[in-house]
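Data first, discussion second: the structure below is written as C-alpha cells.
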C-alpha cells in the first residue's frame, strides 16, 4: 500500500545524509496521505545504506502500525501528534544536524538575523522548554509533540509560516507541505543556525533584521504577491 | 542571441555550487555585453542541476527582459543599477555564502587583516545600511543597487579596487571585469570573511594590516607595476 | 592466526580516515579475542593507504608481540592496560580527532548538553589529568592506561556506560564491545564535542541537560527496557 | 635538468589543493638539490589544474632563474634566503591555509596545547613582526626571508625542531628535509592551528602542555631514542 508515498519518503530520508544533516541513523522523515489518514515513516535505527523503499512503515493517526516489517522510528509518537495538531502539514523531519542541535542545546531560539532566514522561516525559530520528569515518564515522544503544538498556540505562531522548532537539549523538527519540503526546511534551518552563530561571534550585539526587511523577503517568496522563482509562469 | 555570453554566464553560475558558495538556488551571476548594452542573468529559482545555457535570460539596461523563456533572477534590478552606475564592471555575483553573509548579518564591514584580503580587495569591504521601509516598499531590488553605488561614492571608494560589498542583514555582492572574475572575487570574499572572523576569535583586539603591507600586496597584483603571475610574459 | 579478527580490526582502522577522524597516521584501533587473551592492533606509523589486513600485529595481555612483521602502535601499552582493567571491553580506539582533541587540550570534560550525547555516553565525558614527569619517564603509554582506569574507579564511573575519555593536552580514547563499536563511539564523541563547543559559543551559560532527559535517552537505547531500533524484533 | 626533482616538487605542489591548503593559486612549494645549489619552484600564478612537472622553474641560490618558461613564484626571493640561512632545509612551502593564516593575521604565535603539536613542532610556532615600510619598499620578499631567519636566531630557535613560522598579517611558511616533508608540516600546522583556536574557545585560560609532555612526544618521534613508527626495523 501507499507505494508512491513510500518511495517519496524513502527518497526524502536518503537526502538527509546527502545534505550532511545526519550522522549514523540520527534522523527520520515521514510523509502523510491526508485522505487515508495514514503516514509513512522511516524504520527505527536502520542504517541509511541498507534502507529500501519497502522498509518504510505505515502508521495511522492514532500511532498504530498498519503495515511494515520493521518497528517505526522511535520518534513516531511525536510525528503522530504533529500531524493531528498541524492539519496542513504533509511531511515532517527530525535530525540532530550540527548547528540546529547546538542552538537547541543552548536553549535559545534562532533570531532572524537576515534574509536567508526570512526567505523561509517567519520570525525567530522558537526553542521549546524541556519536558518535566512527569511528562517524560508518562509518554516522552507523544508529549514532545504536544509541547511543540501547545507552544505554537501559546506564542500565537503560524506553523505554516514558521515550519521549524527546536526542542531544548535535544534537536530540531521541521515540516512542510510534503516530505521533500520538510527536508528542504531542515537544510535551511541548519544553514541559518550556522550563520546566526557566526553572526553573534562577529558582533555579539547583533540585532534581528528590521521587520520590514523580514516581511519583504518572506512575502517575496510566499503568498499571493510572491514573485520569486517561476511562480507566475504558466506550466512551470 | 549572445550565445557565447550565455555559455560563459551559465558556466560562471555553475561554479557557485562547485565552490560551495550556494545552497539550493541562493545565488545568481550575470555578465554584460557593453557594446550592445545587454546583460545575461540566471533565471529565478531554477535549480542548478537543471540549469542549461539556453535558460539564461537577456535583459537590457532599463531592466526589460529582451529574451528568455524564464523570469530573470529576482535580484535583476540590483544588477541593472550596478551595471549603470559602475560602467567598467563586466560581471556581477550575488550569493548567500556562509561567512560573507554572517558578516552582512552582523552589520560590520570586513577589516583587511592580511595579505589574502589585500591581494584582491583594497581596504575594508564595506557593509551598507538597511534600506528604509519606504525604500523597500518603493523598489527593493533597485534601491539596493542605488544604495550600494551611493555608498561607494559617499565613501570615495573605487569600485574597481574594492569589487565587493555587504548589504546589512542580507548578503554580499561582488563584481569584476567579467562573470568569471566576479565569481573569483566571491570565492575570495568568502575565504577572507572566514579568516577575519577566525582572526578576531584568536585575538579580539586584532588590528588591520599596516597600510604599506596592504598597498604592497595590492599593487604586486594590480596596476602598471604588478609582477605577480605571468603578466609580463608575452603570449600568456 | 586470528585472521577474522585481523580483518575486522583492519576494517575498523580504515573507517577512521573515512569518517574524517584522522590526519596522516594519527590514530589506531585494536580488537581483542578474550578467549585467547590476544588482541590485534594497527602497526605504528604505517599510512592508511598502504595498510593491509595481514599487517595487523598480534599482542598478548602482557604487551608482548606474538605475531606480526611490523612494530605495533606506539600506544599499544595503553591498550594493554585498558583491556586488563576493563574486562568487558572488546575494542579500543585512539585518535587525534579535531574537536575531541580540542576539548582534551582545554583540560575540560565534555558536559552532556543534549540527547545526542546521552544516547551513547552516560554523563560528562571525563578529562583525566596530565601524567607527572615521573609517570612519563617511567612508562608513558602504560601509565596513560593506568591513569584512565584509576580515574574511572575514583570517580565511580561505569566504563560500559561511558565508553570514552579525554587525556589532558593529548586526545581521546573510546572503546566498545568490539572494534567497530569503539569506532562508532569515536565518531559520536567527535560530533558531541563539536556541538558542545558550539553550544557554549551560542550560550556561554549553557547548562547540562536535565538528568531525567539524559536517563530517558540513555535507557531508550540501552538495557532491558530499550526500545530504539529493531532490538525487540526476532531475527534482526 | 633536475627532472626527478621537478617531478617531486610538482607532486608536492599538487598535494596543496588535495589537502585543502590552497584556494586558487595561493601557495607554492620548492625543493632543493644541495649539491648543485639549485632549487625548483612552482611558476607564479599558474592554476593547479594546468600545472605540469616541466613547468617548474629552476632557480639558483642568488635568486637567478636558471631554467624555465615561466616566471617563478613571486615569493621566490623568500625561498632563496631561507635556503641560504637554513642549510639543512630541503623543501619549503608557503600557503594561505585558513587557520594558519588566521593566526598570522592575529599576530600571535600558536601555543603548544597538546601532543599533536609536540609530535612535529617543538614549542610555540613563532609569529614574526610586520616588515617596516622601508623593508617592504627595499625588497619585500627577500626581507621576509631575512626577518624569519633573524628571528629564529634571536629567539634561539632550532629551525629543524620548529619547521614552521607565521608572518604577521600574511601567512605561514613551513619547511622540511624535502618538499614532501615541508608539505606534511604545512598540513600539521593547519590542523594544529585549528585545534589551538578551538581549545581557546572552549577554555580561554588554556595553558600550554607541560614541558615534559611536549618533550616526551617530540623525542618519541625524533632523534636517537625515537620509537614511533618502523624506525628501528631493518629495511623499512
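List of remarks:
Per-chain residue numbering starts at 1, and chain names A, B, C and D are given in the order in which the chains are listed.
Keep this in mind: contacts are C-beta pairs under 8 Å (C-beta built on N, C-alpha and C of every residue); 3 or more make two chains touch, one makes a residue touch a chain.
On a predicted model such as this, the values are computed, not experimentally measured, just so you know.
Taking the definition of touch as given, a chain qualifies here only if it contacts chain C and chain D alike; none does. Taking only C-alpha atoms, you rotate chain A by 90 degrees to land it on chain C; that is to the nearest 5. Set against the C-alpha centre of chain B, every other chain centre is closer than that of C. Interface of chain B with chain D: the two copies contact each other largely through different residue positions, with under half of all numbers used appearing on both sides.
Separating the centre of chain B from that of chain D, both taken as means of CA atoms, is a distance of 33 Å. Distance from the chain A centre to the chain D centre is 47 Å, each centre being the mean of its Cα atoms. Within chain B, the positions touching two or more other chains are listed as 200-201. A ring topology is adopted by the chain contact network, closed into one cycle in which each chain touches exactly two others. Across the whole structure, chains are in contact as follows: A-B, A-C, B-D, C-D. Here chain B touches chain D in the complex through residues 113-116, 184, 187-188, 191, 194-196, 198-203, 206-207, 209-210, 212-213, 216, 220, 227-233, 236, going by the rule given at the top. Taken in their complex, chain A has these residues touching chain C: 23-26, 43-46, 70-71, 74, 96, 98-99, 101-108, 130-131, 133, 136-137, 140, 169-171, 197, 200-201.
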